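Going in written order, the chains are labelled A, B and C, and every chain counts its residues from 1.
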Amino acid sequence: MSSFNFEGRDFIDIKDYTREELEYIFKIANRMETIAKTGSSLLRGKILASLFFEPSTRTRLSFESAMLRLGGGVIGFAEPSVSSVAKGETLADTVRVVENYADIIVLRHPMEGAAKLAADLASIPVINAGSGTMSHPTQALLDLYTIWREKGKIDGLTIALMGDLKYGRTVKSLAYALSKFNISLVLVAPPQLKMRREVIEDLKSVGMEVKEVTSLEEVIREIDVLYVTRIQKERFPDLSEYEQVRGSYRVDPSILSLGKSDLIVMHPLPRVDELSPEVDKTRHAKYFKQTWYGLLVRMALLALLLGAIK
Amino acid sequence: MSSFNFEGRDFIDIKDYTREELEYIFKIANRMETIAKTGSSLLRGKILASLFFEPSTRTRLSFESAMLRLGGGVIGFAEPSVSSVAKGETLADTVRVVENYADIIVLRHPMEGAAKLAADLASIPVINAGSGTMSHPTQALLDLYTIWREKGKIDGLTIALMGDLKYGRTVKSLAYALSKFNISLVLVAPPQLKMRREVIEDLKSVGMEVKEVTSLEEVIREIDVLYVTRIQKERFPDLSEYEQVRGSYRVDPSILSLGKSDLIVMHPLPRVDELSPEVDKTRHAKYFKQTWYGLLVRMALLALLLGAIK
Amino acid sequence: MSSFNFEGRDFIDIKDYTREELEYIFKIANRMETIAKTGSSLLRGKILASLFFEPSTRTRLSFESAMLRLGGGVIGFAEPSVSSVAKGETLADTVRVVENYADIIVLRHPMEGAAKLAADLASIPVINAGSGTMSHPTQALLDLYTIWREKGKIDGLTIALMGDLKYGRTVKSLAYALSKFNISLVLVAPPQLKMRREVIEDLKSVGMEVKEVTSLEEVIREIDVLYVTRIQKERFPDLSEYEQVRGSYRVDPSILSLGKSDLIVMHPLPRVDELSPEVDKTRHAKYFKQTWYGLLVRMALLALLLGAIK
């Protein structure tokens, strides 16, 4: 019997959940592995409103698949042009209408704080699938779950985040989520794209060990997890500057051969140049598995927030 | 046992249904209240084709939710660009194809008479979700049902329609639908946007009492229902003229405080300026409830036309 | 008991299937006729990913209806703008992500060989719904099934393909598919749009009897099946040339009255001018029925590839 209460709650920010609650979600996600292959009627009669005011196929399909696997149904839209927003409706009104049509809302919206606003208004649970410049917390949740599944634990690991750590939303969210565990964090970024001072201070203030380097070579031997993200050309005013850093932040089998044999490589996808397709065939590659784990975690979340699993 | 026969019929114009038939739909809608929360397998194995040649999120999601709540499935499109129309297919051919894929069609189309045409061709029921400048009859149906539910009856009420009564499709449809009942109608509109003479003549010819005023203050004390619609800036050649009328057609708590304590305020949504968000918290506000009633009425309609309820 | 094994296979090219396998699919399609009206739970818990990188309502709705009729669920997108492709993701990566969300993929993509590539990568079955300039093989499959159902056999028939035989993808695919049977093929096209030499050589090399004519009148008396396709104005550099051939390739009741009484007329749809709506009412018209048969064949294919029918 669980002493947690998930029914009716929102999932807006991973900070709203304790480490113990996250670990409970992971346990439920484990149980979803069978259902994800065979289907279930756990949420039969329930409806998910999938409201994507910004397109995001991967996240949308993941949530919709999760709901269908649990026996529920899905309504919604994949882009704003087909929504009432075009008619000037406020998000608040959209939410108060849609809550009459569904049992749970998954929302992606370009406006900062949109998911929080929706959650405050709606009488049904709201899951944040990204609002404004904040990454969606279910990405951080599935990242944690991937590490937990693949390494058997999170505590005690040395985890490197690499790429654009200044503007990248995913890495920032993940860093905060990791601060609930006892890990060593390694930040690998070019000087122009280092993680912001205040974020690092936040992380250190809760006791996290944080190291900053500018090249993967410096730390490849000591890390257990390498989380790769894209470096966007647009971030560099001078293209030659971009060309210079580009190569150093591309992961391929040769650099990985220097690391631990059980090093895992993760990526939020889609990837472009920063992660060579040659890595796909190595034992290190876990980024497609991450997608599978994402499905399990979202199934767990839907079942818990809708009270189908206590 | 009912003496009505709904199975296999279309729902193109509310005029095609008698008052008794409408009231029977309302009774079935009442019964849908539980199912709308728990789900059902009444329409398991049935498919709704949701064909929106014009986007309309609210109406589309309402129908799709209704179908899913009844255990059926949904196929379709939310906008014309993804349809075969782009390849020059006639609506007639689209309908004759789609009737092979589904058990019932919900159609929204910019062309006048499109729903009627589709209904004439299809061997399966067609529900008009709006065609051309005619409002969709399920909006009028849910408006009637909202009044019936909230006031316990329709006969004997004094009902005000306010806003753009000249071009507004929803109010015109609702006025005709109300003429099946014994009510007093009050029309509140600026001179430029008064309801057309011929419509008023039609309503009076079936014995309806109709009063026209230019300000809500004149009638606020006597009405039981206030149906608010938007006044569009574009209707005024002179913007200063618009600014002048604007304020008088905005509903807020202070004007409502002058009315009956059980006055209900309705709106087809989306709203913009004409209905203050402050009204939301008052006991008068029924416009979000209207959305819920819309779901129930559409569930009833789907179940009846598909013969799942006799 | 069947000696065929369909479970887990892809459907990329009709040539990958033997005549015996095709006939087995047809037998299963026959069995789907009842289910297509009542629904079934044969694929309950299974998910179809419907990935349309090019819009195609007819094909998409047909597959989605087929999946729902069998009790399964559907996720996907109807056009590329809402997909991750906009973010530069490769098709390969999309497939490796989506295979985690679904049990079978139906893919339409503008790139030549896209379906083959997807099938090679995915661990779940992939059905080609059109890639590049190749027609989708389920169209040829449903065309064959329509003939088989309507004429009781395919062998021994005289089958005319008419219209743009040079650029038309559907007719080319169908011609190859027909070469698995013993039929007489008649090609009816204006000189500018004759079927390419190499295709005709291919067909003849497997023993097919092929005759080429430029007008339908020449052969109308001897054919059992008339397969009509569109002639696109854009194919003619000189518009007057188009106007000249146009009339001769339009099928109407008067030309059909010269043919066999049990001649059937087929068309892949959508049609424009080449097939008069007056034909619809004649006993010859089978093009809407073709749509129905398409549903049955796709239901059979989904059930077979997913191993629900052995």
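Before moving on, here are some points about what is shown:
Simple rule for what comes next: a residue touches a chain if its C-beta (ideal position, glycine included) is under 8 Å from a C-beta of that chain, and two chains touch if they have at least 3 such contacts.
None of these values were measured; they are calculated from a predicted model.
Taken as a graph of touching chains, this assembly is complete, with every chain in contact with every other. The rotation relating subunit B to subunit C, fitted on Cα atoms, comes to 120°, given as a multiple of 5. With each centre defined as the average position of its C-alpha atoms, the distance from subunit A to subunit C rounds to 41 Å. Of all residues in subunit A, none touches two or more other chains. Subunit B contributes residues 44-47, 49, 73-77, 81-84, 86-89, 92-94, 96-98, 100-102 to its touches with subunit C in the complex. By the touch criterion given at the top, residues 38-40, 55-58, 61-62, 64-65, 68-69, 71, 74, 78-79, 269-272, 277, 288, 291-292, 295 of subunit A touch subunit C in their complex.
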